[in-house]
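See the structures that follow.
Next come two complexes built around subunit A: one with subunit B, the other with subunit C.
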Partner chain A sequence: MNMNIDDILNEFENSTSTKSSRDLDNQSLIRCWVNERLTPDLLIYEADLVDRMMERVRAQIEFIELNSIELQNEKEIKLTLVIVESELNRINFLLRSYLRTRLSKIDRFSIFIRSEASEVKKLSNDEYVYMENHLKLLLDLYNTTFLGKLPETLQKIDDTSGGLSMITRPDLKTVVFIRALENNDITVDDEPVELIKGGIYALRYEAIKDLFEKKAVEII
Partner chain B sequence: MYGDLAHKLILEAKRAQSLDFLPTYPEDYIQGIVRETRELNKEADYLLMTEEDGNRVTQCQLFVIQLCMRRNKRCLMAHAKLRADKMDLVAWDGSEATKAMLDNLSHQEQEYFRKYNELASEYKGLFTDLDLGGPLEPPEDVFVDVRVLKDAGEVQTEYGVFNLTKGSQFFVRQADVERLIQQGYVKKL
Partner chain C sequence: MSIPAKLTQTLTPGEVNFLAENEMITILPRYSLDKLQLIGTRIPALRPMKREQVPIWLAIILKNQDKCNIVMPQWLTVRQLKAFYDQEVKNSDRFAQLPWHWIEISKALLEKASDDMPDKPHEIRTIIQDLREIRQLKARKGLKELNESYIQLDNLSLLEINELRPFIVKVMDQMRKLSDSVNSGEQ
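And then the complex of A and B:
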């Protein structure tokens, strides 16, 4: 008898935990996407999450393909298919937008990213290959059209002399809206600011970057 | 006057920014600016050779020349980058590059565009299930009403075959007609 109840409980726990891990993944994908879109700098690539989501996408595509061939006329499966497909479309969009947002940041800051080992670490391998190749193409373009014909002193593209840096960096002074997840005291421009749990604030990104990485605030 | 051409080039870039196609490559401006910059550089070299210590007039002259050269370079870079960005966009959204657009590119730009297209498709190929070139607007409905603008023959989908004849209307899965919308064969209603 005891065994039975344990079994049932185990089974129940297993089934709920698999279900919730899927929901959790969906939620964290939304979170990552929002974060990536709202922060000025590049965040760390969520390799595991993307891989898991991609696997689910593949499974869902397979499900749709298998079921749509045979059961043309059964109403019930059609409804299921439409629901699965809506979900698939949404997940697809999130992943697509997430990856493209990252690429656009990589394109914008590629010279800066290359110069800092800590930034390079945030890229996936594929992103790194993409960045290097794109930069090479751009350099070829510049060099063949005009840069190669300019005086040698002007041929660099990462020049910082003359009081003007040519390297585009993320603007960490951008203002972001955050929600505090814990109570914290921080200093912004020598002024103390008190963050109260649940409160919403508009602050410069650099002021809350550390807290954001520690998940003490979330960007909204 | 120094910098005039660069100024024109920037105005050109500014104009191109708001257009949804790329204007003709301004070869004349680019060559002109390069020539001007080289002449400035020669002048700077000459001044450096003849410079007497502490001659403030020469120093000032050198300073202005340096600024002009740097400004010219900045303008050239900004213009080239703007055009490259526009080409990148075309490569990503999967719409066919029109002949008119290719004609407006310089030889080197065409080369860049071709290679970047390859690079972008390579990256897209890593996520074939996602269609990375697809719309960056959040999806709404799975099925949409579309009207056919150009004859496109038969299209096979998981929900059956439909025949695209001009003027007809269909209620179809959006994912199936995404490409056709981008290529201008059908229009969402």
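And then the complex of A and C:
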């Protein structure tokens, strides 16, 4: 036996914390980002998760600032800082891309989102304020440049009469790629489709939206 | 523009690679490093010659500075890859079960850690290329089955799916529109 006590302690520590809450948060953020990127509609804002991650990002920036001033010449801390900074950049990228993807959906669907209480609930407070201000600016621009000059009957931007809606809404019939996380039977076009655990399928978002919300499939 | 329109509902190859770099890999440190609390994970204390699991992005940083050797995943050997290739040839109707990020991981390791490979890197590279080609060929043949309702793509990796994504989404969308207008015409 040439294991020393440190190794044993280490092993114990590793086995008890193989999946720390930070690992789980990191994985959920990755998942949320992929989901937001690959689904046609706006998903619920992950407020707690983003807050926790932002808090850790702030703490990590502080750590970098503290250590880069004081210990510039020590080799060990240099490598540590390289690692810490690379990881910080990776997390920042995820957070930014997640939020920007949401903003692009909010821009596209603002009129639709405002018309449905269930959609508004998916926004964070900041996103709501952003949406209102952005839409107001856009409408002011439209009104002063051309809408104001049109006959009154043609001035609406949310007209739904005549069987044709002017409101851009998410196209739930868009094709998405999924992996089934459990066995399920669904119907697409009156045709039964058997989802087998682990199988990968491309099909319309609306066909699996419920299963996606129940976490029975994941979007890939 | 908060995000370019071409990035909606797809991922870039760079982003797929980003996902692959989060996978874990075993390293053999040649250097001590105290354990480190990061935002999204905790790095265990590294001691020379004591195997540890770390994310690939970290393994590559350490490898670039010559501070570790990377232990190749079991599937990344000539023998195992040949077995996968044989399966691809034998079963024309399905794909061999390669890892979810096999292309990105093998590319990164061939580039950054080919000296840690037990097999000759050029042999690995050749066989990876062969696998890539036979799978692409099969995927294209399989697209004949494309209809407006669904298609099954078991065992394709994320990068391979991402390559097919624009084509499949567009074709299925057009087919749906065609069949919708046929149906409404009948009524």
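Everything below uses one rule, namely that the second predicted complex is superposed on the first by the 200 of 220 C-alpha atoms of A that agree within 3 Å, B and C clash if a C-alpha of one lies under 4 Å from a C-alpha of the other, contacts with A are read in each partner's own complex, and residues count from 1 in each chain.
Definition applied: a residue touches a chain if its C-beta (ideal position, glycine included) is under 8 Å from a C-beta of that chain, and two chains touch if they have at least 3 such contacts.
Everything numeric here is computed off the predicted structure, so don't read it as measured data.
**Q** After lining up the shared chain so the two structures overlap, which partner does A:182 touch, if you call subunit B first and subunit C second: first, second, both or neither?
**A** A:182 sits against neither subunit B nor subunit C.
**Q** Tell me which partner A:62 touches in the superposition: subunit B (first), subunit C (second), both or neither.
**A** A:62 sits against neither subunit B nor subunit C.
**Q** Please indicate which partner A:146 is in contact with in the superposed arrangement: first for subunit B, second for subunit C, both, or neither.
**A** So A:146 only meets subunit B here.
**Q** Looking only at subunit A, is it subunit B or subunit C that touches more of its residues?
**A** After superposing on chain A, more of subunit A is contacted by C.
**Q** Tell me the contact category for A:26 with respect to subunit B and subunit C: first, second, both or neither.
**A** A:26 contacts subunit C only, not subunit B.
**Q** Can A:85 be said to touch subunit B (first), subunit C (second), both, or neither?
**A** first
**Q** Going by the contact rule set out at the top, does A:210 touch subunit B (first), subunit C (second), both, or neither?
**A** A:210: touches no partner chain.
**Q** Just to be sure I read the superposition right, which of the two partners does A:158 touch: subunit B = first, subunit C = second, or both, or neither?
**A** neither
**Q** Using the superposition on chain A described above, determine whether A:132 touches subunit B (first), subunit C (second), both, or neither.
**A** neither
**Q** With the two complexes superposed on chain A, say which partner A:202 touches: subunit B (first), subunit C (second), both, or neither.
**A** The answer is second: A:202 touches subunit C but not subunit B.
**Q** Once the two structures are superposed, pull the subunit A residues common to the subunit B and subunit C interfaces.
**A** Common to the two interfaces on subunit A: residues 57, 82, 86, 90, 93, 97, 100, 103, 107.
**Q** Write out the stretch or stretches of subunit A touching subunit B in their complex.
**A** Subunit A residues touching subunit B: 54, 57-58, 61, 64-65, 68-69, 82, 85-86, 89-90, 92-93, 95-97, 99-100, 103, 107, 126, 130, 133-134, 137-138, 140-142, 144-147, 149-151, 153-154, 157, 162, 164, 166.
**Q** Tell me, which parts of subunit A touch subunit C in their complex?
**A** 7, 10, 14, 17, 20, 22-23, 25-26, 29-30, 34, 37-40, 53, 56-57, 60, 76, 79-80, 82-84, 86-88, 90-91, 93, 97, 100-101, 103-104, 107, 173-177, 188-189, 191, 193, 198-204, 207, 220
**Q** Across the complex, what residues on subunit C touch subunit A?
**A** 1-3, 7-11, 15, 18-19, 22, 33-34, 36-45, 50, 57-58, 61, 65, 67, 148-156, 158, 161, 165, 168-169, 172-173, 176
**Q** Spell out the residues on subunit B that touch subunit A in their complex, using ranges where they run on.
**A** 30, 33-34, 37-38, 41, 66, 69-70, 73, 76-77, 80-81, 84, 88, 92, 106, 108-109, 111-112, 115-116, 119, 122-123, 126-127, 129-132, 134, 136, 138-139, 142-143, 158-159, 173-175
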